[in-house]
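After this come two complexes, each holding chain A, first together with chain B and then together with chain C.
Right after this comes the complex of A and B.
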């Protein structure tokens, strides 16, 4: 049985390694990969899915 | 079908407090019937009116059930452009956009557009008024403040809905393609910058009960935003309205420093070697340009100080005794530097003459990790988009809000910013719909 304080496990989308996320992680949250330091975004929690977070693009104007 | 019943406030009134209600209100049949009672008794609308979450919108809920309020609202929601709405303008958001784009609102002449916005809020049971500088104020739940600008740059672009062309060769003189072939696209000044974002926010604010302000003067001196930060407390979060595209979120803008260089020299024969005031102005400007040329030519524009002279005037004075020079200049300041530092470096290049600097606007760079930015990513992905995070080389009212209010903020709105101020400014109506959905989802997440 899992509890609210159990860490959440997920696969690092870059290395394929299993990484541990905070128990209270939310969809849309950005975390740093403990393996590569890459910014990852939590895409879903059921199942837990991570993707590389979008990079900042440059645009002109207002 | 005449336009007035189509835009009747009683049809839009149930939008207060709930998105489902707004959908019901925007339904063409409901509008044709112009039957406020039926619309108000719609199950979703009734749920909205009775929803505890809508408690903050008590006035709005009352208005939903108030036939007098609905009747009153009719008077203020006539179509402005005349001739009725194009067929594609079949939702409250699309109708409001069509109206507001049809009302010229260059900076300093926003009053008529502001009144239309006030009508929209009042027709939906929300208190709204025009403040002393011309801003449209519609306070409610400050969990989020949605704010965009009412003014546009000048330019008369005929307001019409056209299908996006099938063929890229049929774009009609523009290089920018927007919309899927055949889908309705609204042309008109402000459709992108920023009446589209303004309308998305007004509709989302009515649907979710959050605070809204339409500010004036953004395209010139930002007097509306400056007044706003001086006149109200910080909300819990700010969404500033500018075109980012419905799937984009803008997190950063460069700062802005502008001023006027002035100098006077004695007149003399132009064959003499001594530099005159015009040459001094040019020399100063060359020095400023060199001072801010990045060592690495690959430096992204957002990370550079860029320099731009925007006007120059000068010559022999009327009495023939002096040569005068005046040059208006603008510098954009990246978040890694301060406007004070850039000001000092530009002043250091002066050997003669002086610069009258205007009130600077500091740069802003928000984190993508705030709960507000997170809510946008979730909402955009939920609507089927791939999220884009943006930093813009220009400056917006968000710079002013960030300087005064310590709360999370982003800039967001429908539209392709390549069409900002352009003669072919236009917005696919589906982009308006998607952005409104995203904004409403974000506001619900924050409440």
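Right after this comes the complex of A and C.
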């Protein structure tokens, strides 16, 4: 049985390794791959799918 | 209330905001702008019945167009597209501050490298060359010599996006190794911090160290006036102390419109997301009372709920 505080497991899309995400992970959230440090984007939650996040573009910022 | 969040990346800042909104029982509609279309009459985004939409787009162009379209449907959106338009462009930002008599560094814009070189030579060395659109200290150049100026101008003209052919030249302000970032909502400071570095760029994104800062009366006044000058909203007002640390004299070099606050949350004792949500609640109430025109420039004569149509009907 899982609870909403359990970490979520997902596959790193670059290395194929299983990585642990926080329990409250959101669709659209950007996380750093603990394996490569690459920025990954959470694409879906059921199942949890990750993709390499888009490169920063020139007009990105605050 | 029902709150829309316009985004294409959920960073720590957005997570903090989402957490606070949900903790208070608000209904949150996340709107990933990459997946939506915005037509002249309506949008594929589910904006019906939203009490307020918060623009958290990281991309300036997405922010400007998405908020403009939402505003045209009568959807209450913060920050307003007008504020975004002024803040996104450093030249417009400088002009707005100057027109409001807010002290801001001397600035010139030139459109050719020859004219830019004349401006640089008149400012003298060092001076600063900035892209008109950009953040986090990217592509900022402190120019120390004429030969450096020539090289940078040629690179910009040859390699740059067309916006890099608008040369924004600014006096170098000899700040005391730090500048001040204030997050403010409609001119009222939420929290402030200094960003310090040995490097001339002190941005937190460039690794500057942060520390909480107490605003004096002059700084408070300037934050309020700078906010008003760009049209209000939730803003990051950047000040530098002229005349040294603690001199009490400031220049406002920039006002940012999709402000990050995670560094400020860590540097200060203030619960920034909570204060921001307090403000959003007040703002949403004011929008409702004013028929969707709470201090913005929206016509407020249409209602998103009435105008929203099926995705198929959207003019792409």
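In this section, the second predicted complex is superposed on the first by the 58 of 62 C-alpha atoms of A that agree within 3 Å, B and C clash if a C-alpha of one lies under 4 Å from a C-alpha of the other, contacts with A are read in each partner's own complex, and residues count from 1 in each chain.
We take it that contacts are C-beta pairs under 8 Å (C-beta built on N, C-alpha and C of every residue); 3 or more make two chains touch, one makes a residue touch a chain.
Keep in mind that what you see is a predicted model, and the values were worked out from it rather than measured.
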Chain B versus chain C as contact partner of A:28, first or second or both or neither: both
Which of chain B and chain C A:59 touches, first, second, both or neither: both
Which superposed partner A:43 touches (first chain B, second chain C, both, neither): first
Chain B and chain C contact sites that coincide on chain A, given as residue numbers: 26-30, 41, 53, 57-62
Complex contact set, residues of chain A against chain B: 26-30, 41, 43, 53-62
Partner chain A, residues of chain B touching it in the complex: 193-194, 218, 242-244, 248, 250-253, 300-302, 368-369, 374-375, 377-378, 381, 386-396, 417-418, 420
For the chain A and chain C complex, residues of the former touching the latter: 24, 26-30, 41-42, 53, 57-62
Complex contacts: residues of chain C adjacent to chain A: 7-11, 15, 18-19, 30, 32, 58-61, 133-136, 138, 161, 236, 256-260
